[in-house]
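We call the chains A, B, C and D, going by the order they appear; numbering starts again at 1 in every chain.
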Amino acid sequence: MTKPTSIRQTTARRMSSDGGSTRPSMIEPFRAVRQQTQAIAEPLAPEDMVIQSMTEASPMKWHLAHTSWFFERFVLRDFVHGYVSPEETYDYLFNSYYNTVGPQHCRPRRGMLSRPTVEQVFAYRRFVDDAVIKLLERCDEDVELRRIMTIGLNHEQQHQELMLTDVKHVLSGNPLLPAVYPSPRDGTAIGTIPETGWRRFNAGVVRVGANPDDGFRFDNECPRHRVFLEPFEIADRPVTNHEYLAFVESGGYEQHQHWLSMGWATVQDQGWRHPIYWYREDGRWRQYTLHGPVDLRLDEPVCHLSYFEADAYARWVGARLPTEFEWEQAAADQALDGVIADEQRYHPAPLDPRETQPTRFFGDVWEWTGSSYTPYPGYRPPDGALGEYNGKFMCNQYVLRGGSCATARSQARLTYRNFFPPESRWQFAGLRLARTLAA
Amino acid sequence: MTKPTSIRQTTARRMSSDGGSTRPSMIEPFRAVRQQTQAIAEPLAPEDMVIQSMTEASPMKWHLAHTSWFFERFVLRDFVHGYVSPEETYDYLFNSYYNTVGPQHCRPRRGMLSRPTVEQVFAYRRFVDDAVIKLLERCDEDVELRRIMTIGLNHEQQHQELMLTDVKHVLSGNPLLPAVYPSPRDGTAIGTIPETGWRRFNAGVVRVGANPDDGFRFDNECPRHRVFLEPFEIADRPVTNHEYLAFVESGGYEQHQHWLSMGWATVQDQGWRHPIYWYREDGRWRQYTLHGPVDLRLDEPVCHLSYFEADAYARWVGARLPTEFEWEQAAADQALDGVIADEQRYHPAPLDPRETQPTRFFGDVWEWTGSSYTPYPGYRPPDGALGEYNGKFMCNQYVLRGGSCATARSQARLTYRNFFPPESRWQFAGLRLARTLAA
Amino acid sequence: MTKPTSIRQTTARRMSSDGGSTRPSMIEPFRAVRQQTQAIAEPLAPEDMVIQSMTEASPMKWHLAHTSWFFERFVLRDFVHGYVSPEETYDYLFNSYYNTVGPQHCRPRRGMLSRPTVEQVFAYRRFVDDAVIKLLERCDEDVELRRIMTIGLNHEQQHQELMLTDVKHVLSGNPLLPAVYPSPRDGTAIGTIPETGWRRFNAGVVRVGANPDDGFRFDNECPRHRVFLEPFEIADRPVTNHEYLAFVESGGYEQHQHWLSMGWATVQDQGWRHPIYWYREDGRWRQYTLHGPVDLRLDEPVCHLSYFEADAYARWVGARLPTEFEWEQAAADQALDGVIADEQRYHPAPLDPRETQPTRFFGDVWEWTGSSYTPYPGYRPPDGALGEYNGKFMCNQYVLRGGSCATARSQARLTYRNFFPPESRWQFAGLRLARTLAA
Amino acid sequence: MTKPTSIRQTTARRMSSDGGSTRPSMIEPFRAVRQQTQAIAEPLAPEDMVIQSMTEASPMKWHLAHTSWFFERFVLRDFVHGYVSPEETYDYLFNSYYNTVGPQHCRPRRGMLSRPTVEQVFAYRRFVDDAVIKLLERCDEDVELRRIMTIGLNHEQQHQELMLTDVKHVLSGNPLLPAVYPSPRDGTAIGTIPETGWRRFNAGVVRVGANPDDGFRFDNECPRHRVFLEPFEIADRPVTNHEYLAFVESGGYEQHQHWLSMGWATVQDQGWRHPIYWYREDGRWRQYTLHGPVDLRLDEPVCHLSYFEADAYARWVGARLPTEFEWEQAAADQALDGVIADEQRYHPAPLDPRETQPTRFFGDVWEWTGSSYTPYPGYRPPDGALGEYNGKFMCNQYVLRGGSCATARSQARLTYRNFFPPESRWQFAGLRLARTLAA
């Protein structure tokens, strides 16, 4: 098994980046991303796309419309002279949180909208597609247009992941436990995965984060800056279902001492007893996946943990979560060797005992870090409405790194900072252990 | 304009009754009711049928499945030997509140179910239709079967009304304000409706309620019994939009003295300022209807009031709501002259100044009474699961009488007791005034 | 054991009535009622008087101030020329719900007020006492003044009962289970109480309610009017702890079929398993009382039931709650033979097997009726602020009759209508069974 | 005006530290801290000490008992052979959150306890005082005992601050706005404070945090470790009321763009328009203080801000909050020159234009930092119950530094980490600005 080239080397060349000097047309990337979104929606029934199962999630229909609204609002309205929208109400309905451009339909009520229908939303998408392509055919070279288009494409890719996690949450609450995507063909489990190995890092100043001219980067990844890391070691691979099940079965969810105070309160209020999509049936552990319910495979990376659960597990084994900068240092020479969304397999792949270590920094499951989501020194959100994209959410959220089986290739990059509140369980999120070493 | 014959004379002969000795087949009534349900659903998109806009309402898809479940559960499972359900999970998903036959999917989460899809629900309906008809072809004469079938048909007719009120609530919350049924062709308003006239009744003992052998009656209408009424008078017609608008515009929603304490708290908490589907646009009063948004017609009976609003209005004009028995006495010689659901016009019809008075006891709008929903003396719910149909809801609800434009003909009968909590606004409910006279 | 004279004969002569033509001074009754309030408060610590344990209850300190505010607001401000309040803020702080006279401190936040202190509240009481007595000395004969004073005294007596029930609720939530009043000296239990006897009433029109000139009556008791009662029978005595315990121990709180739908939802949401102040300790049933925790005595009337529990118990034994008019007819010739507050024993007395039957219509425990709290035909609230006293609460509440061990003598009268929402458990409320007979 | 010696030099010699080798007796420090607690409670009425105004705050009575429980639980029960508690129930009632030693009375219900009364709590305090002193007289030299005693004294000092902030919150909600402590004698304002000056720091690795042997330090301040700081500058003094008022009056609370998304949601949900204890009266800005309501002095440090408000203000002026490490570096050579609790003036002191700059890092107001409360590298909570003291709260809280006018002298130290959730407004918290400089 040959290891692919490291993530640092490859990410600059990815589809959604616009840093190159040759300026290839944006029409193809645009078509590809838009098509990928359709592909995710296609296997679903219209009914699946209407429901909002909790405030934090949105109906797939809303995602489909919002990602088109983004291009309408920030590209068509600004770059097409005399642009007329097919439906002005959409500007209100499908604005997510950009107060700068106007008021929004109340977020917890996104699931109250039966109209526009799925068919009408697809028509809206086609309208936007045509208008954007017509525009690009005319002025593909416009620097500002390319900048906004690039954000729009990355934005849509982020929503592709949310479509999957949100619809999974909807369907998982249905006693019929529907399978919506074709099953992956995994081999049978080859026995247990060997104990995790550890990789040591010495103390020192390291550079982390990105500069905007590294290729497309979100503002929250910038600027590149220095941090000091005390000596630490980090696990060679993510924690597995096998390991996490030991925590579950030893009573981990009944013992206060492993948990943050807020985590323990959440465990008790919500009655958590195991990861969200696990359940017991006839004495076996099962899990719900987008490919239908299956037996819990012990050799898979554990998935759909909250920060609270990841943190508690780490404490239980005498370790901790890495900081986002420890993770970034350790991942800098790693390759993308986990499953990502482009493979259309929306579930982490089993680990292979023969796999070269370290492994799976990128893909399969997002990895919770112990870092609160805060601005980097010198961080400045862009001017205008897109300044609302990231900065204003830097509170009470924790950073995840590395990308998951539902992440588009270009987002599974070294400096990408995903972030969610610590109680969030519905993302494809697991963990990798770390430990502080004596200085 | 000739008045139709009185309600007392006609209701015994209606479709859903089974009291006759000739025992006509139930197949045709069954087909007719089931077909009427389909007709209501047909103009809607699948997306419209998924959403639950509040705990008290259900998705149309759920109503479509639940009314079929009712026949499956109480007819097919009990009367068809070796019956096999096409999908056992439906017995859990579509049980509304019959604890006797098993646990239920949590009511506030009925809108979380994308599956079965609308198409699958229709398939389930067809399956149940076929099985019931096959059964009826075999043993149409079975008395117990006929009894349950009759309840099932009346049950489905009740749900037809809820489908309309529930989907109206869903659609009204959508800024696109969709029109889903063809508009009625009302003439233009002919000016104001004359002041209401009053009809006096002397004190005395009257008989109210029904006996089960009067034709089909729900248990809560029985037994027929005596009540004493002090002298009263009752209005010849329902309160109009014109009259209610005067209350709104005189500041009725800002003045505590007209309201019950709970009503006033609700007005303030919810920010009520006018009936639920009214709104102001460009200086005009508009209202949302299932036929789309229209100007508020002043000659229509006021509709979509809560008990709190009906009660406050009555107090404002120095009157009160009639009790359900006053209403019943006054309505006993009245005909069905208002709009009912069979006309497929889901909005009250304007009053006509030339109309013979009294009028509109039946149809157009349910009329709130001042009576709490309580058991009649000697009331006994039936044995078994169907005993949960009515009796257990006799708490904190108020009785409405007379039927609305969304009510099936057979439910718009003299002794029928509709009931809702006092804050409910989404039913087609208005009021008729009453006053106590000196003894 | 001789039975006292019947309630009908005695209530007209009670302390708080003002109907007599001799016009005895109101100074003594005023002093007596005010003194009785002090006596209730005296054994408590200041800390006991601050806490509001739920929205529906008020701190004792608030009751002490509010009952003085009532005289200040409706007597001193209206009858004393140039009256100056010692503290104008109290007009806002201690107005309960009289919107007519101004805004109020938010009810659920009555327990947030440490100031005025208990001492300051007592000073306020003395100030009001002095000013009222000075006024009465001057114009005791003024009819309108006497009318308001009489309401004020009855009002304060009502609050005396609430002081007891509210502070009991506060103290019961304290693991130290404090005893605050001296224990009653009950004899030991003499074995079980014989089965309940029944008294039959034939069908007919009866007169119920009061006329204002029967002596003091609240507006909600008026006017006297006719109702028709179908034949019924009613129990000779209240349900006992012994009987209710059988319901508890047979699993009554785990079986849906006995409960109203709202009741069953409440049982499950709140985890009810027995009456509110009962608990198990070392295998015995105990109950918390204002005299401290004691063993559950089986020969006492069951107490502190909600309407839901009373109704469920009645259904479990195949009976029902009486209507308020059935109760009133049956109680009309009954005497006050139960414990009332004047005895300073704040717990129901055991039944005595040798007691003449029927018994205990008045005193010991309020008896839930199946009647919703609605206006009598011809009911008219008084003009002005005192019109807010009763009428606006006639919604979603149920009537209790007869008075309890915490009720002042004058309130334990035939036509008195107490009322609480059906989930209320903290009043001294039990039940008496009734059954409909064949007509 | 001479500047006192820097904080680094002085804190090691403070009262509550136990690092010295001479081992002075702990009896005096114990008496002093316990006495200081009494002094805070003394001016209050018992009623003031009962109320819990929100879940996050506790009644003063509870603090008085809990700080005694701490010594009973961790000193007397562990070090006194055959110790018998005067009241075993207190072990449940006054345990705050130490799951290791047993269950606790539910936190949001601390204000539901009228018993033990204030007098009984003081008796409990005296009992504990006597028992502890007797113990110390016997074995003052025991290292482990001294360690726990030291934690207990620091713990009690922390609660002294909470007593003040919690009772202020209680009293501020009372329309009577009581003054409970004697007013400070501030001179009149001498005009506006000059613009803030800035102090620059170059990039580099700095050491932050404490080692346990620096004198008493909480576990969360340890271990001392290295961080890299990019170049920054920090303000010479805290933000003033004058400056913050400009934000308020320019509409800062109505403009989304200054706020974190969670902050903006909170502003709108809670209707925030200015700092919590400010109000307008007759056209003037006033503020509630523990010394009673006073005019808003513009020359005082702004106080009682949430993190959201501090962060929004900083963004409005184009600056940001310092990180806790920037703050620590800048404060390392600063003296304690602000007001602390030992002065019994519970309100920040006005700034003096003649004051040597930089100033007021310590005392007056806690300063919000932009740092999430996370463990330092190598952090390890102590074993046993006291391991629950700090570590489990490291989630969704932000660090404040420097101490306030309600902080005991020994807590106003360089490495002390105070922490609160970002919406908390009731602490004496303000801010000092910082800015990133180009590298």
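The rule we apply is simple: contacts are C-beta pairs under 8 Å (C-beta built on N, C-alpha and C of every residue); 3 or more make two chains touch, one makes a residue touch a chain.
For clarity, every value in this text was computed on a predicted model and none was experimentally measured.
Asker: Which chain is most remote from subunit B in terms of Cα centres?
Answerer: Comparing chain centres, D lies farthest from subunit B.
Asker: Could you tell me the distance, in whole angstrom, between the mean C-alpha positions of subunit B and subunit C?
Answerer: The separation of the two C-alpha centroids amounts to 38 Å.
Asker: Quick one: subunit A and subunit C, Cα centre-to-centre, how many Å?
Answerer: The answer is 60 Å.
Asker: Could you put a whole-Å number on the gap between the CA centroids of subunit A and subunit B?
Answerer: 48
Asker: In subunit C, which residues are in touch with two or more of the other chains?
Answerer: In subunit C, nothing touches at least two other chains.
Asker: Just say which it is for the chain contacts: an open line, a closed ring, a star, complete, or other.
Answerer: ring
Asker: Would you mind giving me the full set of chain pairs in touch?
Answerer: A-B, A-D, B-C, C-D
Asker: Which bits of subunit D are touching subunit A when the two form their complex?
Answerer: On the subunit D side, the touching residues are 97, 99-100, 203, 205, 225-230, 232, 256-257, 259-264, 307, 320, 370-372, 374-375, 377-378, 392-396, 422, 436, 438-439.
Asker: Give the list of subunit A residues in touch with subunit B in this complex.
Answerer: 45-51, 53, 61, 89, 92-93, 105, 109, 111-118, 170-171, 173-176, 178
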